[in-house]
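Presented sequentially are two complexes of chain A, the first with chain B as partner and the second with chain C.
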Partner chain A sequence: MSDLLARLSAVPYRPHVVTDAANEDYDRQLREFVAYLKQPGLIPSTSDPNEYLQALSPSKNSLSFLYLLRFQIQQAQKRTKRDLPDSIQPGGNLWNLAVRFLRSFDPIQIRYSLDEWRQLVDLVASAAVTSSKAVLGLKATRDALERLSPSGIFTSTHLLLVKLALHSSAYTYALPITDQLLCHFPTDTEHVHHEYFLCSEQAPNTALVTDASGISAKLSYRDHLQYFLYSAMIYMALKKWTQASRCLNVVIASPTANAVSKIMVEAYKKWILANLLGQGKIPSTPKMISPHVIRVYQSLARPYISLAEAFEKGDLYKMSNEIDLGQAIWQADKNTGLVSQLFEAFDKFVIVKLGRTFSALTIADVLQRTSSSPKCPREIEEFVASLVMSNSMRASLSHSPDDNGTTMLRLSLGSQTHPFYREEHIRAKLMRAKTALDTIAQGVTQTDQTLELSQENLQFLAKSQKWSVSAEKVVSSGDIGGGDIDEDLMGDGQ
Partner chain B sequence: MDLLQSDMTDAPSFPYATQTAAIGGMDTETLNGNSTISTGPFVRVDDPPKFELDSYIANYTGRTKFNRLYLIGTCSTYLSVEALKAAIAEAKSGKDLSRYERAVQALSEVAPHDAEAVVDREWAERLQKVVKSETDRLEHELRGYKNNLIKESIRMGNEDLGQHYHQTGDLGSAFKAYSRMRDFCTTTSHIASMLFKIITVSIERGDWLSVQSNVHRLRGLQSKPDDEHSKNSPKIWAALGLAQLNSGNYLEAATSFLATEPTLGDSYNEVLSSNDVAVYGGLCALASMDRNDLQRRVLDNNSFRNFLELEPHIRRAISFFCNSKFRPCLEILEAYRADYLLDIHLQRHVQTLYTRIRTKSIQQYIVPFNRVSLDSMANIFVLGNSATQSNQTDLNSTFVQELIGLIQDGTLDSRIDLESHVLVSSQGDKRIQVQEAALDSLENYVNEAHLRLIRANIVRAGLEVRPLADDRRAKLEERGGKRSAIGNLFSRVPGMKP
Partner chain C sequence: MDLPPLSLDQLSAVLSTVPTSADLYNTLSDYEEQACLISAKEVELLSVFYTTFFFSHLLTDQIEEARALTKRMPQPILQTDSIQNCLLLLRAVWQRKHAGIYKILRELPWPNRAQSVVRSYENYFQQKTLNEVSNSYEAIKPAAAATYLGLDPALAQQGDQETIQKFTACGWKWDPETQLLHPNPVITAPPKDNGLQTELSRVMALISH
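Showing the complex of A and B:
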């Protein structure tokens, strides 16, 4: 038994010097170790694996820990003849071990056994869901995914995460993951570039982004559409309209081949509402959507479009008419919540727009110009105050000194905050854009590489094409020279 | 042959129901979205106009005389009886039965008991017979000329026929007859006179496209005799201006009218008088040109000065505008509004022209100000008696509403301060605007680049949306069947394997 423990804990340590030779060595050792762990009957069924588990550190001996844990879960399943024995439920012994592992595993080691890792995450998540503690599963999944940091690769675990977040209504927990820019999708490509070892830290993406790595379950187009739609729904629940619209853009602009997914249509409906709520207008759709897809959207989302038209025109009467008419539709599409927020957004945009026409006016005048619902001046004043406080508009309210209850609203131009905060705001924005650009630039380089779009390669291809074309020409001109009788008849007697 | 040609010449007369268009000579193009011509008068003018009907109508000859009288009769409540009686008299002296009937009909509506409000049956029947026999005679003659194959005779035959149709009010046939002359014209002066006839008919039909194309033909023709050229040129410019005015191109119309030589005199009275040129040109220029252009091209224009002398108030209005005295300018225009509403060509454009002039005045007025009080603006731009001016700066007053409309459609770059009742010109911080624009474009770029990258990678991974039947990754099913599908997570627990 101690032999076994010694073997299990004898994980090759990572080389400190990062050289190709060291990496290669490390890579080989890890592969051998995984092969060793995989052999059946490694752990005698008589012994108690718990002891091993206690003795192993999940961060140092991640691979052994993972295999032992899975072995034990399997034992428990066999014993109880249930897929989810009690000990794996939240609070159980195995649950605690699993969560501890998912928080502290070594991402480099785990790359050699992603399939097992993923199944453990799935199991933890479903255990949490069945015991209706989805939020615990969400946290564990989030930690696991953050720790693995599959930099920009979309995996089935991402989808699992957003599903759990929606299931448990704990939206903010999912944000660290949904805020990351995804660029890559696992492919079943045959020619993987083996310039990098799985364990090297420099460019892990190209090696990971294959189906063979087991980083993700088999994906279908529905999965990434769902992921972005669900992410958008998380943002919408948190009223982060810009991000929501960004995610929905990905869905509605998804590449298609002769078919439009229903998920995309749903996304288009939500896209309209999110943009109305966030910007008060419908921006133009991304340019890469092909026209026939747009036509499909427009024909299937007609009530939404006419609602948006009424909203954009500032026609309150028509808008509430449209909302009343479409009750059944909003209900069926589960968009009632979003639609009901339109009234407040309408008032908000009307008042913000007042800033372009007026520099000062009384609250009574504001009331008269918004007139969305019969409100008293007090209510509208509170509403305006909340808009000012939430930085939606830049204005100030002042009560008149004499006690006749009039309040003057002074509006200043622009929606930005105090100049002192402006600089900070711009700085933060720039920093965010810089990170995003870095990620994208990296993604572009990698994609170029995998798609073989380097300058030299293209030149080579062009050249070889020229050769083949000229070769064809030689052949075809030879044909004509052979004297086709039809050609002669049709020609002008040359 | 005859049939074929008539088919061909039918083409240009397409959108115009000839008779309705001829009522008042207005185009059926619904320029202001208003198509009430067939049902009733375009406007109703209650104010007495400044002109005297007799002397006004004496300026015109030919068919436009009746059309103008009829328009005044149907639109003005003040002059209706007088104008309609004159119209009936005018119609009775001509050969057009339908216009006589229309005039009598209109008169019977305003003055049912008048002796003239009854159709003179006997005269009408006689006229009908005369017209019919005349038509037959002319067509017979034309056929004879055609058999003789003498070009000049055929041309004259067609001309006579066209003239006859024109006089009897059959404008479509007149247009066709005149158009048929084209093949038989031998000299340029013949072509010119034919084109003028076509233009006259087209103007009456309200077929402004045809007017413009024929005017351009006419201008291309101008080459040889100088005297004829100088005689025709002002008419050409006036006709072109009229067509442009009616299609709403006020700046072009102003340019054409300004180019009209004063030698026009009363030579084009069957269409418009020199006074009309002054009014049309002046108003179009006022509505479409800025102050420098007005000064340079209108007031300092020696040839157009001759026209302006005929209508001194237009000249005064323009010079007031140039001197930034907007209130007198607008007052003059307002005073003559009734006159212009009773003008056959101007009627439909008065409102647009006036609004443009007014908007331009407001824009000009606030240029020098940083803050301008609404009171002082109301003093200038709210016309009418001063008693109602006390509440002109309220949110609900029409003047403030007008300003709001102008601000909202982007014409005025200012904002209203209802606390101190001033109009504040907007001075946005350019630096901030530029920064914001840059940040926006950066964000757009990031988003679009990301979107394109994702799309490229989706396609590469074979994950594009496709009909279920030909799922490219279906072949993986056999290979990767052992992997659990994520979609099943909530329905069943993924199976464990050793």
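Showing the complex of A and C:
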């Protein structure tokens, strides 16, 4: 056992000084180590892999730990003839080891065994779901994804994560992943930048994570759409309408060959509702959507469009009618919850719109112009006060001195804002501008590097250009002389 | 790092040591995993844990996620007094029923182990409301102000000096002629906006790639 343990815990040396030669050496060692771990019969049937696992560190011996853990899980599956034996269920011995590993593995080492890593994540997630503890699978999956950090690359694990979040009703835990920008699929093996080593920390993930690496199960067009639709549903559950709308935009603006998928139509319906709830109106559809796709959306989501028209026009009677008529549709589309929020949003946006016409009005006047449900002046005042107090509208309230006097609502407070308050906001705006400039500067530097526009490279290019200009001059003078270029160059040199 | 096992004593230790509400929320989020693995028979421990965790959501203004938490709590504890009180409180907070919120916090029975977090939330909610009222009202009747801040509206309406003093101590002005309070706006730094940076980073990332 001691020989095998010594070999398993012999971590390939990771270079401190990053050079191509050092990376090449480390890359070779890791590849050899993985080949060694993949040998059939590596673990003698008489030995207990658990002893090895206890002796190994998941953060230092990540590859050994992962292979041994997978081996032990397979053994347990064979022994119990079950895909998910008790020991891999939450709280079991293998579960604890798996979760410990997913929270502490070395992401560089794991780049050499992404397939095994993904299979472990999938197993942990399905064990959590089958034992009705999806939240445990969600947290482990999120931590594993954050640790691996395949930034910008969409994988099947991303889709798994949002499904787990919706399944467990634990939305905030998914935000660190859903907030990330995803703009790549695992790179096609044929288009990999072969100049990078897998262990290189400088190399962009797109150059390292390929479809052949196993980081993701086979992805389809549907998976991509589902991920953004489910992410939008997470944001909607948290009433983050802007983010929800952004995700839904991705779905409805996805390229189509001929037919529009059901997911896209579903997303379009939710897109209408999310925008009504967040902005009180439907923005124009993204320009990249072709007109025939928009026509399909509009014909398939007609009840939603009629509802939105009534909402935008402030026609409460028509909106209520549309909502009543469409009950079966909202229910079938599972949008009843969103539609039911429209009444409060209607009141909110009607009151906010009053600010465009009036600078001040009494609560009685507000009551006359709004209210989707019968409210008394006290209730409408509470509602308006809640809008003002939550900063949903810029206004102030003022009680009148007499006992029966009404409350005054003053809108459009731009000029009346407290000077100190204004100063704070100007300061915050300046800070935001500074942050923006810093981010842009950082991005420009990064882009320069990516496009090889670094200072050193520019100097080199300038020198090369100078050299070629002087060479051209020589060539030109040579031409005038009518001699051969090579000869003239040689002549200049003389 | 492995957390010490979840127990009533450990919960009390966490409540007395964490410096901020965000830390309390983060620590209890980590403990949620242990709570999921505890037998449903441990009703007291689970009830106190989920009550405390629920309040940590309110203390960090995560009302929607607090609602989601109530949907994933283990079934057996949903009927406990403490969790039922949480559900009533959630409804009152959701509907911004200030009088109801103070009543629930002060008058309903809460587990002894959760008393400190309940009191923390009461103070937090009162202070938050004070800031909101200060920035929203130019003039307010004492009874309305008292309702917002969990004071006795009847006493305030009668011009009770002690109650009025509580408002003037916050910088508000009392006009005895009109019997109105004039709040003093609270200058708070606008919330830090990370959205812009995220959006710009996205654009720059797209350009870079």
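Criterion: the second predicted complex is superposed on the first by the 403 of 494 C-alpha atoms of A that agree within 3 Å, B and C clash if a C-alpha of one lies under 4 Å from a C-alpha of the other, contacts with A are read in each partner's own complex, and residues count from 1 in each chain.
Going forward, a residue touches a chain if its C-beta (ideal position, glycine included) is under 8 Å from a C-beta of that chain, and two chains touch if they have at least 3 such contacts.
Because the structure is a prediction, the values reported are computed rather than measured.
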item	value
Chain B versus chain C as contact partner of A:396, first or second or both or neither	second
First (chain B), second (chain C), both or neither touched by A:447	both
Touched partner set for A:181, first chain B, second chain C, both or neither	both
Touching partner for A:428 - first (chain B), second (chain C), both, neither	second
Chain B versus chain C as contact partner of A:332, first or second or both or neither	neither
Which superposed partner A:458 touches (first chain B, second chain C, both, neither)	neither
When both partners are placed on the shared chain, which of chain B and chain C touches more of chain A	B
Which superposed partner A:125 touches (first chain B, second chain C, both, neither)	first
Partner chain(s) touched by A:382 [first = chain B, second = chain C, both, neither]	second
Chain B versus chain C as contact partner of A:70, first or second or both or neither	first
Where chain A meets both chain C and chain B, residue numbers	181, 183-184, 410, 436, 440, 443-444, 447, 450
Chain A partner contacts - residues on chain C that touch it in the complex	29, 32-33, 36-37, 62, 64-65, 68-69, 71-72, 96, 129, 132-133, 135-141, 144, 177-180, 185, 187-190, 193, 196-198, 200-209
Residues of chain A touching chain B in the complex	40, 70, 73-74, 77, 83-84, 115, 119, 122-123, 125-126, 129-130, 156, 159-160, 163, 181-189, 211, 217-225, 246, 249-250, 253-261, 264, 286, 288, 355-362, 365, 368, 408, 410-411, 413-414, 416, 422, 426, 429-430, 433, 436-437, 440, 443-444, 447, 450-451
Contact footprint of chain A on chain B as seen in their complex	395, 404, 407-408, 415-420, 424, 426, 428-429, 432, 435-436, 439, 442-443, 446-467, 471, 473, 476-477, 480, 483-487, 489-490, 492-496, 498
Partner chain C, residues of chain A touching it in the complex	90-91, 133, 135-136, 139, 152, 168-173, 179, 181, 183-184, 204, 206, 237-239, 382, 385-386, 388-390, 395-401, 410, 418, 420-421, 424-425, 428, 432, 435-436, 439-440, 442-444, 446-447, 450
